[in-house]
Amino acid sequence: MPEPLSSDGAISPAGAGGAMDLAMAEGASLEKAPGGPQGTGPAGRPRSLWSDAWRDLRRNPVFIISGLIIVFLVVISLWPSLIASGDPLQADLDDAQKGSGPGHPFGYDPQGRDVYTRVVHGTRTSVTVGVCATLGVALLGSVLGGLAGFFGGWWDSVLSRITDVFFGIPVVLGGLVFLSVVTSSTVWPVVGFIVLLGWPQIARIARGSVITAKQNDYVQAARALGASNSRMMLRHITPNAVAPVIVVATIALGTYIALEATLSYLGVGLKPPAVSWGIDISDASPYIRNAPHMLLWPAGALAVTVLAFIMLGDAVRDALDPKLR
Amino acid sequence: MGRYVIRRLLQMIPVFFGTTLLIFLMVNVMGDPIAGLCGDRRCDPATAAQLRAEFGLDKPVWQQYLTYMGNVFTGDFGTAFNGQKVTELMATAFPITIRLTLIAIVFEIVIGISLGVVTGLRRGRPVDTTVLVLTLVVISVPTFVTGLLLQLVLGVEWGIIKPSVSPQAPVNELLVPGLVLASVSLAYVTRLTRTSIAENARADYVRTATAKGLPRRRVVVRHLLRNSLIPVVTFIGTDVGALMGGAIVTERIFNIHGVGFQLYQGILRQNSQTVVGFVTILVLVFLAANLIVDLLYAVLDPRIRYA
Amino acid sequence: MRGATQAKWAACAVAVALAATACGGGDDSGGGGSGADGIVSSSWGDPQNPLEPANTNEVQGGKVLDMIFRGLKKYDPKTGEARNMLAEKIETTDSQNFTVTLKDGWTFSNGEKVTAASFVDAWNYGAALKNNQKNAFFFAQIDGYDKAHPESGSASTDKLSGLKVVDDRTFTVRLSQKFSLWPDTLGYPAFAPLPKAFFTDHDAWLAKPVGNGPYAIDNYAKGSAMNLRRWDEYPGTDKARNGGIDLKVYTDNNTAYTDLTAGNLDLVDDVPASQLKNVSSDLGDRYINTPAGIIQTLAFPFYEAAWDTPEAAKVRQGLSMAINREQITSQIFQKTRTPASDWTSPVLGAEGGFKKGLCGSSCVYDKAAAKKLIDDNGGIPGGQLKIAYNADTGSHKEWVDAVCNSVNNVMGDNEACVSSPVGTFADFRSQVSQQKLSSAWRAGWQMDYPLIQNFLQPLYYTNASSNDGKWSDKKFDGLIDQANAETDKAKAVSTFQEAEKVMVEQMPVIPLWYQNGSAGYSDRIGNVALNPFSVPVYDQITVG
């Protein structure tokens, strides 16, 4: 396991110095009351990291646009009938694969169901799967990976080897074993399954970046000053190690929604009569030559959702990173 | 360093047993594989019992596992239901998949890291936004769609490539499948590199190096890139295993008879001998990749030392 | 059918699912040469079991056996009629003891003579329990089968006492019961002769099987390809009209079809449903779609009390009328299925027992009548119809969803019927055979030989080998027994049809549609046809 010695002169440790200044300033400011009236300025002003981030975000167009998209997605997840009054299960096979027509802007799917209604009604399932699975994976993965990277030694050995074991399980096999016994038609078994098989990826990333962050002089300094483990982890390491996790997690959100499609394709995903983008994408993919619109709309909805979450992730990460101000 | 490697190698032993046991149990939980061997007809009970005895399925699971592991250590990975030795399957499948994986990783490294560096150095500029949108399209379209689309356009409409890969799977036929396989990971690598580069670009050592009058290329490659690669290397390392075992969709679309295909077939036919054998090898590959990644940490960041 | 008493019929239900998807083969170029020596490249699927004749129960392995073996009889590729091949004559006086005389001059492709012993040894091997042959039940009518292959316990012998070699060209067969049509079952590959090499060096034989058919295996790369070449000394009349066949394994029939359109493959014998819409623009008239002896049905659990009531029979009739077969076969299958109106198959022909419309109004879509029948008889047992299917092979999802939507539209309730996927075929089959399903499931039957008996007795006779739903009806059983005892073929057929009429009342399974075989081919080859078992007639294909 990696057991870092104190930094030596093999490579110029410059840079860590700058970071340390910032970190110390940040550490100092955190102890003061949050919220200062000042605008942007050199480090050291009495503002909290979070209020600072919020000030940044409010003026960031990327954040505003992605935020609006996400709010919209949440609203139609809760009340899909606001913009689509039809029944997503209503099918007339005579209309199968037809293109758009009056009252049916997106056309029909292979079973003759209205694609527009299904895309709108599928939002809830797909967004729930994506967001909940991502949150679960990110939390579990970064906690376990972070602990392994921070403590090293036995912690690292045991946790990393457990990670390895879980990595070895093929998704298809896991899906057929864990999900085929489930009869519930809710999204939770699928979410749980994705978390179960997804956390090792984040854990590896988190471990790597915690090991890097731990090398920084400000962490060494904090340790020398007698900071407790929990304080070091929460105040010094987490903010500096969280970036790769956010990056991977926001991208993973999209792949999890797509994974739900693959699981449905294997017959172990969401149980009928669930409606989701994943089911629609997998149903439509054989017809890509003859009726691409059936694939285009749910895949497009998936793309916009992922875009929104990635942009949001980017904006939040930038705002939280004092070095980029 | 040497002691560290030995310790890690020793740690592989429990992982090896843990994984094989887990996979063995999972395949077992799936139920009776014999029922699928007789088509839509019920197997005649005597033959079914005889087959169960032959594959050792009539014994308790723990005994099956012990027998299997005993055989594995003598190099016998068992026999698939179609009478083929699992080692034979491996000998044909692994070389193909290794080629495919290497191609995918080269794509990830060359394209992913280059795009990541470019976008990281030009954050917020048009090139950054363009690449963001492109990576997004790649992420949000599932692999099976990307694969089918490329196959249709390049293989049928334009006739540039052959739509399927021949059994020998030469490298030139694997380029497009490799790209499809790499596509999603490519997006991860680009984004991870971009973030890391952007973060480190403001670091003092970069400023110092620039101030010292070093050429920009040297600053970027020797100082900036090297310090930004740890999360990227971690990701690629973990991706090796995923790519090798997870190529099921790509291998299916392009008709490549590699590990993903054998594994999928083994799982569907509930053939524990095939599945456990292939997964065991995959786990070993994966453990080796992880070890290499951890050793690379020390190369990339000399402050990390292994005792 | 006359003598076919209780004898377990040599029936081999090929998983229609497997037949439909495990389609194979594929790599680079589409063969070479032209004229009589041209090579045809064709799609294939990896056979599930070792390529022994008595161990192959699915179409992909069957394709190969069909090319490299010739048995005593062969089914005519057009009519399905059993004709003598290696048999000069098969004689009997009492429908129980048969004397088989072989034609002279047949050899295996390795030069060994085909003798009576080649058959007797092969059949003994196929029947013996210790050899694990999955089609062993084909030999069940032969005397001594119960000793060589007991239901439980170990076998006391590995030889069938009913088989005796008389001389090089003659052997006798004694059946355990009278069965006058037994010779007609002998066209099945399980009855093929085997050369000595099969027994002396089994592994080498499996690596490169040797037979006596019009083709010999040149090269077999397991799991990816097989090259068969015409055997020039083949003594039969059905000599190959091409230089050979290259079978290429495909894991996805969409890829095989793509390869065909890109010119890398000559023959795809299973065109995926999703491509049917563009098939005429891709291939023009190089596409065939002919009836095959396959019927798809919805089966029900009669071991569940709720489904085994007189009301439930009416509900099943209602469900049958709620399925818009015309619409589904034309929209989902682009007319490669034909709506079913009896429980047999059009390939039998009217004389063989196929009767269009036998099911009457119960198999015709009628929204109002269907809803009334279901509602008046207490609704669907359990409140919801669940149709189980295996999701791994066969693309069943589309039609199961369509059937459910059809029922839902009739009932005016979008959750009256839901599909219920099962991950693997093995799991699906074990749930079916262990009676774990409590609502409907998809069922498919591919005939073993073109006789109406084969479509009824193994599936619906009380406790028959493939009566998975455990339906039981005394009147039906009585009529089947009566038909089997009938000596006049026309009378036997009409008695079988009487039995089928019992099924109209009881609706033990809902007939959905008859499946066609479909194939597409390149402009390099011609004279492509499918036999009634939906396997291409390879030896008749011409190149150039």
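Per-chain numbering from 1; labels A, B and C assigned in written order.
The criterion applied here is as follows: a residue touches a chain if its C-beta (ideal position, glycine included) is under 8 Å from a C-beta of that chain, and two chains touch if they have at least 3 such contacts.
Everything numeric here is computed off the predicted structure, so don't read it as measured data.
Every chain gets a centre from its CA atoms, and the centre nearest the mean of all protein CA atoms is that of B.
Ranking all chains by how far their C-alpha centres lie from the centre of subunit B, first place goes to C. Put simply, the C-alpha centre of subunit A and that of subunit C have 49 angstrom between them. The centroid of the Cα atoms in subunit B and the matching centroid in subunit C are 39 Å apart. Subunit A and subunit B have centres, each the mean of its CA atoms, that are 21 Å apart. In subunit B, the residues that reach two or more other chains under the touch definition are 30, 148, 152, 267. In subunit A, the residues that reach two or more other chains under the touch definition are 176, 180, 289. In subunit C, the residues touching two or more other chains are 254, 392, 423-424, 427. Subunit C meets subunit A in the complex at residues 254, 272-275, 277-278, 324, 327-328, 331-332, 390-392, 395, 397-398, 401-402, 404-406, 408-409, 414-415, 418-424, 427. For subunit A in complex with subunit C, the residues that touch the partner chain are 87, 89-94, 96-97, 110-112, 175-176, 179-180, 265-268, 271-273, 283, 286-287, 289-290.
Contact residues of subunit A toward subunit B in the complex are 1-5, 7-8, 10-15, 17-19, 157, 160-161, 164-165, 167-174, 176-177, 180, 200-201, 204-205, 207-209, 211-212, 215, 243-244, 247-248, 251, 254-255, 258, 261-262, 281-282, 285, 288-289, 295, 299, 302-303, 305-307, 310, 317, 321, 323-324. For subunit B in complex with subunit A, the residues that touch the partner chain are 4, 7, 11, 14-15, 18-19, 22-23, 26-27, 29-30, 132-133, 136-137, 139-145, 148-149, 152, 184, 187-188, 191-192, 195-196, 198-200, 202-206, 208, 230-231, 233-235, 237-238, 241-242, 245-246, 248-249, 263-264, 267, 275, 279, 282-283, 286-287, 290, 293-294, 297-298, 301-307.
Residues of subunit C that touch subunit B in their complex: 11-18, 26-28, 46-50, 57-58, 129-130, 132-134, 136-137, 149-152, 206, 221-225, 248-252, 254-256, 258-259, 261-262, 264, 392-393, 423-430, 433, 443-446, 458, 465-466, 468.
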